[in-house]
Structures are given as structure tokens and as C-alpha cells.
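In the two complexes below, chain A is the common chain; its partner is chain B in one and chain C in the other.
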Partner chain A sequence: MPKHEELLRAPVKESRILPLCLVAPALLTVLVLFVYPLCYSLVTAFVDKGGQPTLGNFYRAFEFYSVDIGFTVVIVTLSTFAVGVLAIAIGGYLTLGECAPAVALLRWVYRWPLFIPFVVAAQCMRTFLAKNGLMNNSLVSLGLLDPQSTVGFLDWRGIVITFVWKQLPFVALLVSGAMASLDRTTIEAARNLGAGRLRILVEIVVPQVRPTLMVGLILSFVTMMSVLSVPIMVSGESPTMITVDMAFRINNYGDYGAANALGFISYALTGAAAWIYLRRGIAGGGKP
Partner chain B sequence: MMGRRIATVAAALAALMLGPVPAIAQKATLNVVTAGDQNMVDYVKDYLAPIFEKNNPNVTVKAVGTGPGDAGSQKIAEKLAAQKTNPSWDVDVAVVHQKMAGDMVREGLLAPYVKDVSTGKLTTSPTAKSALGQNVEGYVIPMFQSQTAIAYNPSMVQTPPKSYADLEAWVKANPKKFGHNGIKGGMSGVAFVVGWIYANAPNSDKLMAGPYDKAVADAWGPAFAKLKDFNKQVTITPGNAGTLDMLNRGEIAMGPVWVDMFYTWMADGKLPPTMRLALIGPGMPGQPMYYVIPAKAANGAAARKFVEMATSPQVQAEGIVKKFNWYPGIDAQHVKAQLDEKTWNKLFIDVSPQDLAAKAKPFPVKEYFDAILQGYEKQVMN
Partner chain C sequence: MPGAGLEVAGLEVDYGSVRVLHGIDLAVEPGSFVALLGSSGCGKTTLLRAVSGFVPVSAGRVTVNGRDITAAPPDKRGMAMVFQSYALWPHMTTAQNIGYGLKLRGIARDAIKRRVEEILAMLELEGFGPRMVTQLSGGQRQRVALGRALAINPDILLLDEPLSNLDARIREDVRHEIKALQQGLGITAIHVTHDREEAMVMADRIVVMDQGRVAQHGTPEEVYNRPVSAFVAGFMGAGNTIRLSARPTEAGLAIVPGPNNTGATIAARALGPGVSPRHDGPVVAHFRSEAAELADPETVGDGTLVLSGRVEQASYPGGHYRYAVSVGDRKVIVDAAERLAVGAAVGVRLRAEALHLFPDSEQQGRLP
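Entry: the complex of A and B
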């Protein structure tokens, strides 16, 4: 018996270096291509062109872009909220829906935007949401809208619509997966006691999938914070999101300092979002 | 005088037809790196490269794009600066905007090659000597001149404005029917804002001639305040193409555009042929793009031949004017002889040569340019 155990153990001992070697390329890639640039940009946010420590970059960032920083927070928060509500609605219908063909159709359709890059989504929305764009023209030709009263959405509303359209399937996928793996007896029990579907969704299903929902929303928040193509292509300039300002600072003035300061501010915002989520997780019993 | 010009042209043509020269005997790759939109890359790849490769079978032209706007030029400058200590650099010919060209000359990144190419004498335009106040003489040959103007839909605008003041009055009467893309979505909006400052700020000539004086820039407050009011009555469009798109869909009646883009979209059927252009006073800016050769280009000799070919009257006529609707980079009289009357006139239907002479302005010198953009960010957008 001991002999047998030794045989089993021996190769494990020897191969301890092997996993390290296997992991090394990936680790190195992460260090060189992610951790190093991250630290570099954090440091340069606090350094002026001559290499001296300064807060001037942050002063400039707030002097020029305080409106845009606020606007970015509002737009991304609003989009995240809308994504959450709609993802629950989709997941809920997939779990509790009773019309089998409708459920099958929804299941088939809702994932499509997942495979479309942001830049393509932005390009489509640009012609779709315009004042005389595809959406309004269709509504007019259906007689639902008067040609004189059409409104274009190529501003902050366009950004929110594009973000929600693009991020919704991702969160809905996570949420509906979590909902599908719930113990259905809780749902059946509630149903037996006479609860409606909406009530089952809000009071039984959503609380159980909340951790998954939150993970999906935090990831969406971070993704949307970093998108440049959508605000640049869908919306005009004032106000705009800070990614556009970062690009503008670099491209027009070669001012990496203020751009990095704006980057630092966006890390801080996503960091704050993550922190709020973690704190609530701990307060709720330590489950992330 | 005339005889000498003809001789120069003849020399340029002869140089074109001579074919491979011993200097570039092995098969070399000529890296042509261009800033600007995709059409710039297409121009090099689909038009210039085949002509050059036909005459120089030992050279393969590789066209690389670095993206639109000053950002594209900045990438080229950064790439060269990063290789500064290397014995040879992997960019042979670059096409850059005005703003970076001055910086690149100052930092010693470019070769003074104009004296080496016969077509260097065909350009007498002031932009070949000075780029936004920086001396670039001898280092650059303009590839083309582009110009901004106000495009309008005649069915919605009966009497097009002749000046910024006219435009202001029109916008008051027709709110949201004028659209521009501001300063963050492309250069046509930037040009419109610069023109606004030329029209509404005192001493606008100083902005184009330099040198920089902070007191001049500090006097722009009222001009920006007026622009902020004006912006409340206009539609902000998403980008250069966004303005043209909105014109096409009838959402706006007027907007600033690049002349070459306007004609190209029209030729492609993306804009109704009824649309017209007006170059409003006191003037709107335009800019050239420059052919430059890096100081340590790996294939310096081939690079010079390439630029010589690209700035020859034939290529300027066929490629720049006829195919891409740009104004030629070399002096117009050399190019006109190569084209039929109809093609030549097409370029000047709405914007006459007299208009161009009086109202086509350069962009301001770099410090003023930055001050205008920063002032707009701070006083108009905030």
C-alpha cells in the first residue's frame, strides 16, 4: 500500500516546476502587456512632462472635463440599470414563460448582439437612430409617427440604447443560466400558494440569482466605461464620455498626462463600483 | 521662363519613363506610411504603387495607414522618434499633416530632400515653406490641398450665406437646420470653429502668421461666448461623415464639409447631385498633406523617386484632381495642362479660383491652434 502511494506521489513532486513553466508565458504576457502599462499609466498621471511629481494633470482633467466625467457616470449607471432590469425580464420569461414557441424564439434571438463588436453596433445605430433614419422611417411608413414629429437619438440617448442593446445579451445569458439552475421546487411552491409570475420573479427568483446578476452588471459597467467607438460614432460632442476626451487629449495635444489622469479617474469609478458591490456582498453574509 | 518650366516637366516625365536604375538593384520594399482616412491608403496602394512598381520592377511598395487626423501623423512621428538611434528607419515615405510636419522637422526626423527631386520646383505655394508657422522649406512637397466649405441643400436654402455673419442670422431663423461636428469628431468641425474665430476675433491675421502672443488668445472670450449661443441653435453631428449623412437624409440643410469628401460622396451616389457648396467669408481653413522622407529612411533613393513620381504633373492631374477631387499639391498651372476643361472646371463650379484666393485660409500657427481647441473645450463645451 505505501509502495503504491509513493508511486502515485512521485511524479507529482517532480512536476511542481512544470506547471510553473506552463503558466509562465501567460503570466509574463499579463505582466508585460497589462500590469506594466497599468502601473505606468497610473504613475504618469501624477508626473508632468519634465518628470516631476504634480497634480496638474488632475487639475486639467477636472478643469476641462468635469461635465464629461459626471456625464460618463450618469450614462454608464443608467445603462447598467437598464441592462439589469431587461436581463431579469428576459431571464424571467425564459424561466417562467408558459408559451413554449415564444420562449424558444426569445432564447434563439436574444443572444445575437453578443457576437457583434461595439464598433459595428455603433455604425448600425448611427443610421438606425437618426432623425430620418431606419427606425423613424419605418415608424412613419407604418403610420405610427408623423414625419414632422420625428426625433433623432444621436446624442446621449443613442449611447445608452447602443450600450444596452450590446450588453443586455451578456448579462441575460448569465442570469438566465443561473435562473435555469435554480431549485424549481421553490418556484412550484410559490405557484401552488397562488403567487403570480411577476411576484415569483421578484420575490423568489431574483433574490436567488442576485450574485450572478451583480457579477454580470459589474463586468458590463467596466466594459461600458472603456468603450470609445460608441460615443465617438453615435453622439456629437457636448457633453461626451471621458474615453473621447482621453483620445482627444492625446491626439491633439500629445498630452498623455491629462489623458492618464482621466484614465485614473475611470479606474477609480470602476473601483468604486466594485467596492460597493463587495461591501454589499460581505454585509449580505460574506457570499460574493 | 515658360521654356524652363516645360523643361522641368519634361525632365520629370523623363525620370518617370527611365525605368529601373542601378541604384536600387536588389528587390527592395518601399514602406509608404500615410496618415489620413482609408482613401489615402487606397490611393497609395491602388493608384501610386502599381505605377511605381511598373517603372521600378525591383521595388515593392507597401502601403500602411496610421489613421485619420493629426493622430495618424502623431503615430508616424512617434514611430520615427522611437527609432531615432537606429542606423536605418523602416519608414521610407510618409504622408503627414501640417501640425506634425513642423515638429518633425524641428526634431530632425526628416530629410531635406526637396532639392533632390525635379518636381520640387513645381510648388511655389506658401504651405510648402511654412506649416502652421514652422519653417518646413526643403523638407516637404504638398501631396494635395484640401479645403473646407459649407455644403447646402438648395431645396432648403434659397440664398446661401456669404459670410459667418449671414450664417448666424440664417441659423437664428432656422434653428437646428445647420449642423457641424464640433472639434472632437473630425477636422471639418475643427475648421468651422477656426473659421468662426477668424471671423469673430480681432487680429485674425496674427493667428495665421504668428508668433504666438497670449494676449491675443485671451481676447477670444466674446467670440467663444457667441459660439456657445450659436451652438444651442444647431445640430451637433457625429463626425465629418455624420454631417454629410445628415445632409443626405435631409435632417440638416447646411454644414461644414471637406470639398474632396463632398465630391467623392456625390460621385459614389451617397449625396444627391443637387447639393451645392459655398466658401463663406472672411474665410475657412484648408490644409495640405505633405510627402516627407525620414532622415534615415532605409531606401532613401527609391523614396525620392517615389515622391518625384507622385508629385509629377501627370499623376497630380489623374490621381489627385480627377480621381480624388483634391486640389493639386503642386502649382495648378502645371496640372491644368494635363486635364480636359470639363474635369478641371468640375473642381471649381461652386468655389471659384477667386473664392479660393480670397477665402481659403491656412490653419493658425500651432500655439494658436491649440489655444482655439482648448478655449472651445473650456468655454463652449463646459
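Entry: the complex of A and C
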């Protein structure tokens, strides 16, 4: 039997199979359920029903849905911008607010929509934003609005409101966390020199949490680009979003080619957003 | 232009239900440099933050040139603070950091540029203006933080352990730079530190703090040579302690001979403020290692106090030898030029001026 010292000196035998076995289930799941469908849809966007290479799917997509593509970009960009502004406002108040009860209340309330699925959020907004919905009824009962002059928001505005309501907690959570982890003395130094809270937020806090804010906004942008339930449920009218058009091409015509072409355009739009972000990161010294 | 005078009266600060400052009274002369000295948790930074307006006070008053600023926000107190972590804004250049306070005051861009150049020249940072502060060394960042505070011509400069993140050699240089700048500008400065030597070198007056109270306030010489309590004596370097017995005599306070010490008489004028010449009973004597001398263990009768002991440990920190000498059940540290063997019997001679005596009841309390 080898001595204790010899055992300690003996080289450790490394098994190469065990790590692979541990990783394999996760890797297979990603490959089969994500990478394969993604590559397949990208390839079939350039193939016709006969299996021949073509750009016809893209001609059809642009011919029928160019307005919807523009509409999607505008809606998602507007929503992303609104989410960014409001997340900064919430994070800023949580970091710089001096009324402790208000800060505690906001900290408790703002995360709620994070746990609500898009489809439920859309249903909530249908009942809230309709012409005779909860919002208008409340305003009428408070005497702030005349019953004859109520207007429904179940159009592009409803989509934006739903997206912002749903995505704001996620970005606000990231941003407020980044703000909370800042060196507090950088805020105190500005205060000491005479900066007001708004100025501290804009000139001292936001520039320091910009990388985190950008990550949150890009993830939100990508998420909103892929939502189907909200545009269908909140706004049934035209123009609508790309996701609705994709579902329509498949369900009504079995046109996977055009649907995949629209999907490819979605990838390109989200990829462009990510590229702009990464480019800014490299220009800023390689920090994303 | 001389800086402003600051007065703190009966200042109390609570963190929740815990009182951390207990009725602090402090007067700072215009243009003087005051160091708040104490160990971690003694309340020195809290006092500085209460003066600067970042910590609300529970009771008491803070006045600058007679103007009550107790409830004023930090930016309305005419004070600028240099933080321990520098607190520079990493997304701004050196020039933007220094000029930010001026920008907030609505000063024209050209005037800001001139002032920033002036500050950079004063701090020997010419050419560093366009550089991001993240590209500067620790010492350079420290100077930028100082420049940012000085750029707005504050009445009072508050320094919250600004040198603690610097390495020893740079720290000594920056110490003298800050002191020279303060004297040159005639500005009032309050400096928080736990470093005794730093406080001694930089300050005109030292405020030693202990457990949220001022333990002693005086010039560096007063605090060093005439500590009012065992805590101050220990904090100011008189870390060796020995228990003795004393009784009053006409010539002063007599130290009664004991199993490990000779008798001695300390004239009343040589006694510090810690013990009365009429004290009768046990005392604890504090002394510094460099104030003790090694002597023949048989030495008696020359009027000085001699402790008999044995060398337990010897080391050479540079310039002299350092010995750990056991005296009865205690161990004292003594510096001496001569080399002695471990185990040698020695006498530790202590002249009257080297001793800081306190009633032994204080020994039962807290020693640093």
C-alpha cells in the first residue's frame, strides 16, 4: 500500500469524459432547440418552396409589409427610449431620493410587472386602456373627464404603453442595482460642490451606469421585437408589428418563406442595435 | 485671504438608536490646520461629515464665522471636501473634474479653463488636463481631488483621510505638499486621520477623539508631551505601561521602591496633567520606547526610576536595536544603541520627563 506522502505526490488523473457528460445535456438542448431552428429559419428565408435559392421571400416581405417593418422599428424604438428615461427616473429616485417612505414604497411597487407574462399584461391593458375601460371609467367617476369625450388607447399607443409597463421593471432593476453599487462619495462630491439632484443624476450617476443601462435597453429591444401577443391583443388594426405578419403568413398561407424572411429582418434589426452598442463600447475603451 | 473660523458646540449625532458623537465642542481658528485624530470607530469621520452637512445632527450647533450652518445643505456651507477614495468622476477628464465646481457656479468657459490651468500648475499636473482620471496614478488622483476642492476657493477645506490609499513614500511627499498649499493659501483645513505622525507633521492643533468624545485638544507638542489621559498617552506612542505605587512628598510625587523598580521622586512641575502631586496610591506609568535608556541592573540612588528586567527579544529596525524587556509580569519595549544578548539582565532607566503617570483606576478602564 503506498504511503500517505506518495499518494499526495501522485499526479491527479484528469478525466476528459466526465466534464463532457456534465455539459452534454445543456449543450444538446441549446443545439437542438435553439441553434438548429435558428439556422434552419435563416437558410429557408433564402429558399423557395422547390428548394431553390431565391430572394423572392424578401421581395414579398417588403412588398406587403414594409410599412409594418417601419411601424415595428418606430414602436420598439419609442418604447425602448421611454423605458430608458423612466428606468433612469426610478433608479435615480431610489438612489438620490430623500423621502425614505416614498423610496421604500417605490422600491416595493416598481418590480411587480416583472412577474407578469406579456399575454397577461396585454389582457390587463385591454381592460385598462379601452374606450370604456378602467382608466377612462376612473377618470370619468373622478370628474376629470366627460363621458362623451373618452378615447380608447387600443392602438399603437396601447402597444407602447404595454411594452413600457412590462419592460420598465426589468431595466429599472438593472439600472437601480448599478446605481446602488456606485461609490457613494462620487455623488457626495458633486453635492458638496453644489450640484442639485437632477444634475447629479444626469451628469454624475447616469454616465457611470451607462453600460448597464445599454445592456438593459438592448435586451428589452430584442424582447419587444419578438412579442406576438401584445400587438395582436392590444391593437387589432393595421399597421401592425412584424411578429403578427409572420404568424399571419404561416397560419393563413403556410408561407414559411416570407415568414422566415420577416424573421431574418427582425434578426438584422436587433443585430444592428447590438452592433451599434458594441461599437460604442469599443470606442469607449473596450468596455461594453 | 485667511480662511473662515469654525465653531462646533455641543454636537451630538445618532445613527439610529446609537449615539456616536457625545456633545463635541471644538473651535477652529481661521487659517489653521486642525487634525482629528483617533482610532477606527472613534467618530472622527462622523464629526467631519456632520460639519460638512452629510450627516444630520441630533443636537448642537455648527457655525462658520458666527453664521449658523447647522441646518444648511452641504453646498451652502462654503466647504469643500477631499474624500478618502478621491471620489473622482471616472467618465470625466482631469480638467473636467477640477472645473466641475466652477461650471456649477455658471462661470464662463474661458475663466474655467484659466482657473483649471492655474490649479494644474499649482499641483504640478501641467499637461494632465485632457487625460481621463482613470489613467492617473494614486498620487496624481489625490492631487486632482485636492485641486477640485481648491478650485472653488472654499472657506474651509475638509480632508477625510486623503492619504490613506497612498503608499508610504508618496504619502510623505503629499503630506508636505498639502501643508504647504494650505499655508500658502491661508485656508482653514480640518484633516481626519488615524496616523499619529501624519497629524503631528501637518496640523497646528490636534484633536484626539475617543468613543465619540474629544479626549484632548491642543498643539502637537501639548498632546505629545502632556497627555491628559492614559488613552491619549497610549495613542500618542507611550505604549509601554508599568504599575507603580506613589505617595506625595514635599519635593513632589515619590515612587515607592518595589520588587522590580527603584524609588524615585518626581517634582510637581515635571508631573503631567494626568495625576495630582498629592496622589497617594497605585499609578500606571506610560513611557515611549525611545524615551527609556538601558542601564546597569544594579543602578540605584541617582534619583531616576530604574526598572529591573531581562531581555526577552531583540531586533534591529534600523539605526538602533529594539528590545522586549520583561519587567515582572509585564513586557516593555526599549530602544538602545548598544547590542545586548537575549536573556541579559538589564535596568530600564526612566527620567521624570519620560513618564506619563495616571491613577491606576484608569488602568482598570480602557487602554489602547
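Methods note: the second predicted complex is superposed on the first by the 272 of 288 C-alpha atoms of A that agree within 3 Å, B and C clash if a C-alpha of one lies under 4 Å from a C-alpha of the other, contacts with A are read in each partner's own complex, and residues count from 1 in each chain.
Assume a contact is a pair of C-beta atoms (placed from the backbone, for glycine too) under 8 Å apart; a residue touches a chain by one contact, two chains touch by 3 or more.
Keep in mind it's a predicted model, so treat the numbers as computed, not measured.
Chemist: After the chain A overlay, clash or fit between chain B and chain C?
Modeler: fit
Chemist: By the touch definition at the top of the document, which applies to A:G143: first (chain B), second (chain C), both, or neither?
Modeler: So A:G143 meets neither chain B nor chain C here.
Chemist: Which partner chains sit in contact with A:Q208 here, chain B, chain C, both or neither? Use first/second/both/neither.
Modeler: second
Chemist: Could you look at A:N251 and tell me whether it touches chain B, chain C, both or neither (first, second, both, neither)?
Modeler: Touch partner of A:N251: chain B, not chain C.
Chemist: Of chain B and chain C, which one contacts the greater number of residues in chain A?
Modeler: On the superposition, B touches more of the residues of chain A.
Chemist: May I ask you to decide whether A:R199 touches chain B, chain C, both, or neither, giving the answer as first, second, both or neither?
Modeler: Second partner only.
Chemist: Where does A:P19 make contact in the superposed view: on chain B (first), on chain C (second), on both, or on neither?
Modeler: So A:P19 meets neither chain B nor chain C here.
Chemist: Quick check on the superposed pair: does A:A189 touch chain B, chain C, both, or neither? Answer first, second, both or neither.
Modeler: second
Chemist: Looking at the superposed set of three chains, what is the minimum CA distance between chain B and chain C in Å?
Modeler: 47
Chemist: Which part of chain A faces chain C closely enough to touch in the complex?
Modeler: Touching chain C from chain A are residues 183, 185-186, 188-195, 199, 204, 207-208, 210.
Chemist: So in the complex, which bits of chain C are touching chain A?
Modeler: Chain C reaches chain A through residues 52, 54, 73-75, 79-81, 83-85, 87-91, 100-101, 104-105, 148, 152.
Chemist: Residues of chain A touching chain B in their complex?
Modeler: Residue list for chain A touching chain B: 63-64, 66-67, 126-127, 130-133, 152, 154-155, 232-240, 244-245, 247-248, 250-254.
Chemist: Where on chain B does chain A make contact in their complex?
Modeler: 69-71, 74, 181-185, 189, 231, 235-239, 242, 245-246, 249-251, 370, 373-374, 377-378, 380-382
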